[in-house]
Amino acid sequence: MKNTLCGFSLLPSKNLAERMLNDPQKENLYPLDSRRRIRELGIRIGTLEPGPYNAITDVEGVRVGHTTIIKGEDRGAVRTGVTVILPHCGNIYEQNLFASYFNLNGWGEMTGMAAVEETGKLKTPIFLTGTYNVGIVYSAVINYLSKINPNIGNAAQTVNPVVAECFDDFLSDTQSRQISEKDVLMAIEKAKSGTVVEGAVGGGTGMTSFGFKGGIGTSSRKVSDKYIVGVLVMANTGSRDQLRIDGVPIGKEIRGFKYKYGKTRSIILVAATDAPLLPYQLKKISKRMAIGLAQTGAISHTGSGDILLTFSTANKIPLNKPASFQNIKAINDFWITPLYQAAVEATHEAVINALTAARTTVGRDNNTAFGIPLDQVKKIMKKYLRIGEKNYE
Amino acid sequence: MKNTLCGFSLLPSKNLAERMLNDPQKENLYPLDSRRRIRELGIRIGTLEPGPYNAITDVEGVRVGHTTIIKGEDRGAVRTGVTVILPHCGNIYEQNLFASYFNLNGWGEMTGMAAVEETGKLKTPIFLTGTYNVGIVYSAVINYLSKINPNIGNAAQTVNPVVAECFDDFLSDTQSRQISEKDVLMAIEKAKSGTVVEGAVGGGTGMTSFGFKGGIGTSSRKVSDKYIVGVLVMANTGSRDQLRIDGVPIGKEIRGFKYKYGKTRSIILVAATDAPLLPYQLKKISKRMAIGLAQTGAISHTGSGDILLTFSTANKIPLNKPASFQNIKAINDFWITPLYQAAVEATHEAVINALTAARTTVGRDNNTAFGIPLDQVKKIMKKYLRIGEKNYE
Amino acid sequence: MKNTLCGFSLLPSKNLAERMLNDPQKENLYPLDSRRRIRELGIRIGTLEPGPYNAITDVEGVRVGHTTIIKGEDRGAVRTGVTVILPHCGNIYEQNLFASYFNLNGWGEMTGMAAVEETGKLKTPIFLTGTYNVGIVYSAVINYLSKINPNIGNAAQTVNPVVAECFDDFLSDTQSRQISEKDVLMAIEKAKSGTVVEGAVGGGTGMTSFGFKGGIGTSSRKVSDKYIVGVLVMANTGSRDQLRIDGVPIGKEIRGFKYKYGKTRSIILVAATDAPLLPYQLKKISKRMAIGLAQTGAISHTGSGDILLTFSTANKIPLNKPASFQNIKAINDFWITPLYQAAVEATHEAVINALTAARTTVGRDNNTAFGIPLDQVKKIMKKYLRIGEKNYE
Amino acid sequence: MKNTLCGFSLLPSKNLAERMLNDPQKENLYPLDSRRRIRELGIRIGTLEPGPYNAITDVEGVRVGHTTIIKGEDRGAVRTGVTVILPHCGNIYEQNLFASYFNLNGWGEMTGMAAVEETGKLKTPIFLTGTYNVGIVYSAVINYLSKINPNIGNAAQTVNPVVAECFDDFLSDTQSRQISEKDVLMAIEKAKSGTVVEGAVGGGTGMTSFGFKGGIGTSSRKVSDKYIVGVLVMANTGSRDQLRIDGVPIGKEIRGFKYKYGKTRSIILVAATDAPLLPYQLKKISKRMAIGLAQTGAISHTGSGDILLTFSTANKIPLNKPASFQNIKAINDFWITPLYQAAVEATHEAVINALTAARTTVGRDNNTAFGIPLDQVKKIMKKYLRIGEKNYE
C-alpha cells in the first residue's frame, strides 16, 4: 500500500485537501478553510481503518487529477470540469486491469461499459464529467490514447474510453459546453497519488447532492493490513430529507440553507482495490458500493444514473501475447466478505465527504447550492450519540 | 386495496399475528405472547403509511400460507416448513402477472427465474422453503399445477415453478428432509389474505438472521392512496453486529443472548404491488428491496443467496390468445419514485418484523436461536431518539 | 405499412439504390452500375416476403440518412461518415419508443445503452459511424437535441444519445477524424423514408466485411400482412472463409479479389418493427438478429463489437405525464415466433446486401477493399442449387 | 487430452455408439444397427478436427452416464430418463471449475444458475432430464452430494445442483413421473469416459427435434493440438422445415416420415473445455454454442428453453482455503477465436448427431417420432455438393 511509484506523493493532509486548491469562486458563504472531511469532524463511519490518505489513491498506483472550470456568471455561468482516475502507473492500454460494473439505476452514461463487460478489463483511464461534456471528453481520450499508443489500430484492436457523467445544469450553463480537449489533457497531467482534492472540483464542480453542494468525494478502507479498497464518487444524487450519516437522519434535522434546486440526479461510483479479484468478483464489489450508497439514504430515484465500476490493480494483463497467462491471482470467494465491508464503508464515507468538503457554490442564473453546514452536522451527530458517546464498539 | 376477493379475511391484528398460531414449540424463552411487530413497539420505519395489515396481503388478491414442520429433538430435530405466496385469486397459470427479479448475491436458488426473465411473467405461486426441500416442493408444485391445469402440455407449454430457499441447518436436520408433497398442498390450502403469521413459521421455521431467530416477515406501504407495495421476506442472513433498525446500531448495543451459530446465509425477498408496472420496471422495484435490505445493515456477505422478486397484479395476461393485447397499463417512469420509497421502507420493516416476531427456537442438537430481546430493542431505540422523541418529521 | 408520413417517399427501386448516389470514388473496379442487392441476383433468403423497399424504412415512420465523407488519398485518405436512423416521424425525445439491446460480443461501443436498458426506451435517433468519430457525433447529437427540445434539463432529465461504431481504419485515416457536427446534422436532414442507399455510404463508407468491401445493408420481412420487421446493419465483421449465403459456402468458393486487410472487426445491427412489443420482447428480437448473423457464417470473433438494438414503433410513450398509461399494446408471447423468423431472415439478407451493394473502395495508403464479385456469387449460388433449381419450397 | 484417469476407457467406436446399448424398444422402424453419427455418413461439419471420440468426453476427466427409462405402452407409456455429465474425475463439490451460462431463450429450467453466475463456478455434476423430473433429480442430487460430502453445511455453505430439462411429453406420460432417486444414482455410477451413447437415451429418451426423433448428441473439436472443446446437447427443439446441415436445407428436402407432433420445445447445450478460461470467457463460449445452434436452422422459437452452459477443467478451485490463489491460468482474449470456432462446429455437429443417432421411437398414446431417414440425408447432402464434391477446402 505504499504510494511512491507514480511521482511526487504528498503527505497525508491533516485537514481538508481542498485547502490546497487555488481556484477562486465568486462567493464563499462557506469559505475554503471551513470545509472538512467527515472524519475531521470526529465522525467515524464503520469499523475498518482507512488507508493513509483515506482516498482511492491509497491503492498503489492509482492517481486522480482534476480540471475545474469556473467561468462567467449569471446566464452563461460555467461550473463544470473533468476528473480523471489513472488506474495504475503504467500504460493502462497496454497493461489492462480486471474490472466489472453494476448499474444500480442505469439512467445515465458510462461509455466503454460493453467492452468492460466483454473483456472483463479496464483499458483506459476513467473520466468523470458533466453530461454535455461526454462527447468532447470521449474524443480527447481517443486522441490521447492514440498518441501514446501508436499501435492502436495496427494491433487490430481499438479502444473504448470510459467516460461517465452526471448532469450539472443547476449550476452550469450546459449548453455552452466550455470544456476543451486541453482541459482533459490537463486533468491527466495533473493526476497524482496522495491527497485527493474533494468537493466542488473537477467533474464535481457543478454537482449537487442531497439538497446541498455535492461533487467529488473519496475514502478508503484497509482489510487485514493486506489489501485496500478505495472509492471515489461524483455525487449528484439524493434529496435532502433522505440524507443519513451513519444512520442518523441528518437531512431531516438540518435547518435552513434551503434553496430551489432541480431534482438532483445521478452518482458515479468507482472503486479500486489491490486485492486480486477476477471480473465476476469485481462485480460483487460494485454491488457493495450500492449498499454503501443505500446507507446514506439514497434510494436511487427515477432519472438517477447510478453506475458503479470497480477495478483491481493486482493482475496486470498485457494487451497482447502471450497466448495464455499462468499466474493470475484471485481471492477465494469465502474470504471476500471483508472486502465487501470495506467497499460499503468507503462508499458511505466518500459520499458524505463529497458533501462536507464542497463549498457553497453560486452558478448559472445565480443558482446557489449551499455547502452542508458542518456545525449543524456535528451537533446533530452528537445529539444522536455518534460523537463522543459512540460506546457500542 | 380492498381485500375481500379471496375468501375469509381477518381483521387487522392489533397485536402479533403469531398469537393466532397454535404450533407448540419446545421452549419459549420468549413465549408467543411476548413477540411483537416492530411497529407495535412504537417504532416507525420510514414516512409512508402501511396498508391495513401492514403485510404483502394488503395487495388485493395476494394470499400467504404456511406449513410449519416441528418434529423431534436433538440430532434428528426438524424445524422447517414451506411458505407459499399466491399472487392473485385466480389461476396464476392461466392468468399471468408481470414479474422481474434481481440477484443481489445469487448464492442460492430460486427456480423458475430463467422463465420469469424470458417471459417477463410469473406463472406459478411462489414457494419459500429450506434448501434441501427444494426438489420435493418443486415436484409437488408440478403435480399441483398439472392437476388444476389439465391442459399443461397440450397447450405446448410447460411450467417452471418458483421455489426459493435458505439454508436452515442450524436448527433443522436437513438431511432427513421430512417434508412431503402433502405439506406443500397444505400451505396452498391454508393460504389466505389478511393477517400474515410471521417469525418462526412456514419456510422460516428454522431460519436465523442477524444472530437471532429469523424467519418470515412482512410489511407494506401505501403510495398516494392509490397503490400499495407489500414485501414478504424469509430472513436467514446478516451478522449480529451489522443489525440496524432505522439507522440505530441495535446489533452492537444489545447485550447477552449470544449463541454459537453457523454463519447465517441467505434472504429471499418478494414484493407485490397493484401498481401497473412492466417487467423492466419491476426489476427496478426488486433492486429497491436491496436498498431496503442494506438499510438493515446487511452487506450481503459471501455465500448469501439474496434473491429478490417482484410482481404486479395490475395487468393479468392470459396465457394463450389473443394474439395481441390492447390495454396494458403502466406507470410513467417519472412517477415511479414513490413506489421505490415504498419498496425500500416495506423491505426494511419486513426484515425487522421477521426478527421481532420470531420466538426463541431450540432445534437440532439443541442448537438454540434466541428471539431478539424486545425490551432491549425498545430501550436502545429510545436511547437513540427513535421513540417518543422522533422530532424530525 | 404505408410509408407516406415523413416527407417524400421514393418508389421502390427496381435496382440498386446506390445508383442514385453521386459520390464519386477514385476507382471503380466494380463501378456503381454493376452493384446489386442480393435479391436482384435472383437469390431469395428465407421464406417470408420483404416489404416494398426491402428496407428498415418499410416500418412506417423510420427514416435513414447518410453523410458520406470521402477525402484525400494515400496516407491521409478519409473514407468515413455517419448514418442516422430516425425512429419515427415525430420528436423521438418527446415521444419515446420501447427498445432493448443485446450484446452478442460487446467489444465495441453503442452509447446510451444503460439508459435504454433502464428505461426500456429509445429517446434519441440512432447513429452509426467510425470508432474515432463517436465523441464528435455524441456532442453533435446533444447539441441537436437541445436545440429542438429547449426543455431538456428543465424537465429534470437529460438525454443519452445512441451512437454506435465500427473501426474503419483499413480504409480511413482514423487519426484525422475529419467529421464535423455539420456532417451529423446533414445526415439527419437528408434522412428519408423509402429507398435506403446501401454499401459504401454513411457510417459504412470505410467498412470491410468477410474479406470484401462492406458497409450499410438493409432488408425487411412482412409477417402475416400485419407487421413488418426491418433491419439495418453496418457490417465490418467476418473473415472471407466464413461467408455463407443461404448456407452456401460462398467465401470458400470465391476465387481472386484477395487483399491484405487487417482483421475486420465489428457489426452493428438495428431492427425496427411496427409490431407492438414490450422491452423484454424486443430483447428477444435483438437476440434473433444474432441468429441471422450466425447464418451468414460470422462467429463473432474476439475483438468484434457485435451490438444489436431493436425498437418498436407501435407504442409511443410520451416523455412526461400522464402518471400512468392505459393503452399499451403488446404481442402475446405465443404469437411472437413469426417475428423471430422475420428478424432472422431480414438480418441475414441485410448483411449480404451490405456486401453485394458495396463497391470496391480504395482508401488510406492505397488499401483496397474489393466489392464481392457478383458474377461469381451468382455462379456459385447456382452451382449449389440456390438459383433456378430451388425446388424445396 | 488423454482420457485415462477416470476408469475404463473404451476405444473410439468405429460406428455408432448406440450399438453398444441394449435397451430394447418396442419398434425399430429404423433399427439400432442402421443409426449413424453424421460423420459416419461421410459428412464433415466445419474445418477443425474432432477429438478421438468426437464427444464431450474428449475433454480429459469428463464422463457421461445415462439412465434410460422405457416402460409401458399406450396411455401410460414412459419414455424418459436422465443423463449426467461428471465434469472431472475428482469431487466436483470440493474441487470447483470455472463456468458460465447464457440464456439464448430462457423459457425453461436449469437450476443452480444463480450460483454459477455468482460464484463463476460449477460445484455439482450436470443433469439433463424431462421437465417433470426436475424436482426428483434435484432431491436425489442433494442426497448424493450430502453423502459424499459430509461437510456440506458444516462448511457454512450449501449446494445448488445443476438440473436442466426439456419437455418430453409427446412420447412420455409426464404425469406419471416414473423416475426415482435410484435412477439418478445409476446414471452417476454408469458415467464413463470414452464413447458416449447418443440419441434416444438418458435424458434424451423422449425428446424430439426438428420434426424427428431427437435426444442426446455430442461432438468435439481440437484447437491447435493443444486444447479441446466438447459439446453435449439434449435436443428437443426446432421444426422440420428449419433443419439445415452444413447449410443444406435438409428439412425442406426430406420426404415422408411426417407425424403429428406437438411443437417441439427446448434444447440444453453443455460445453466442456480443457482450455483455461475465466468465467467471463466461458460466457463467450456459451454464446458461441448459440451460433452453432443457429447454423442448424433453429431460430429459438417462443417457448423454447435454450440454455447453454460451459465449464473449463483447466483450473480446479478448491472449495475452501487458501485465502487466495496464485496460479490461475487463462487464455489471452486475443487468442480465443479458435475456441469459438471449435464451440460453433462441435455444437452444430452435436445437434445433428442427436438426430442421426436417434431411432424411431413409439411412446405415449402410440405417438411416434421417426428417426431422420439417413439414406435421404446422405442423398440430399450429395445433391447439394456436400459429399464427395466438397471441393472448397
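Letters A, B, C and D name the chains as they come in the text, with residue numbers starting at 1 for each one.
FYI, a residue touches a chain if its C-beta (ideal position, glycine included) is under 8 Å from a C-beta of that chain, and two chains touch if they have at least 3 such contacts.
All values derive from a computational prediction rather than experimental measurement.
Taking B-D and A-B together, the pair of chains sharing more C-beta contacts is B-D.
Chain centres here are C-alpha means, and the one lying farthest from subunit B is C.
Separation between the centroids of subunit A and subunit B, computed from CA atoms only, is 36 Å.
Shown for subunit C are the residues in touch with two or more other chains, namely 105, 117-119, 157, 284, 303, 333-335. Of all the residues in subunit D, the ones that touch subunit B in their complex are 103, 105-115, 117-119, 131-132, 134-142, 146, 153-154, 156-158, 160, 167, 169, 174-175, 177, 262-263, 265, 303, 305, 307.
For subunit D in complex with subunit A, the touching residues are 117-120, 157, 276, 278-281, 284, 317-335. Of all residues in subunit B, those touching subunit A in their complex are 104-105, 244, 246-249, 252-253, 284, 287-288, 290-292, 294-295, 298-303, 333-337, 340-341, 344, 383-385, 392-393.
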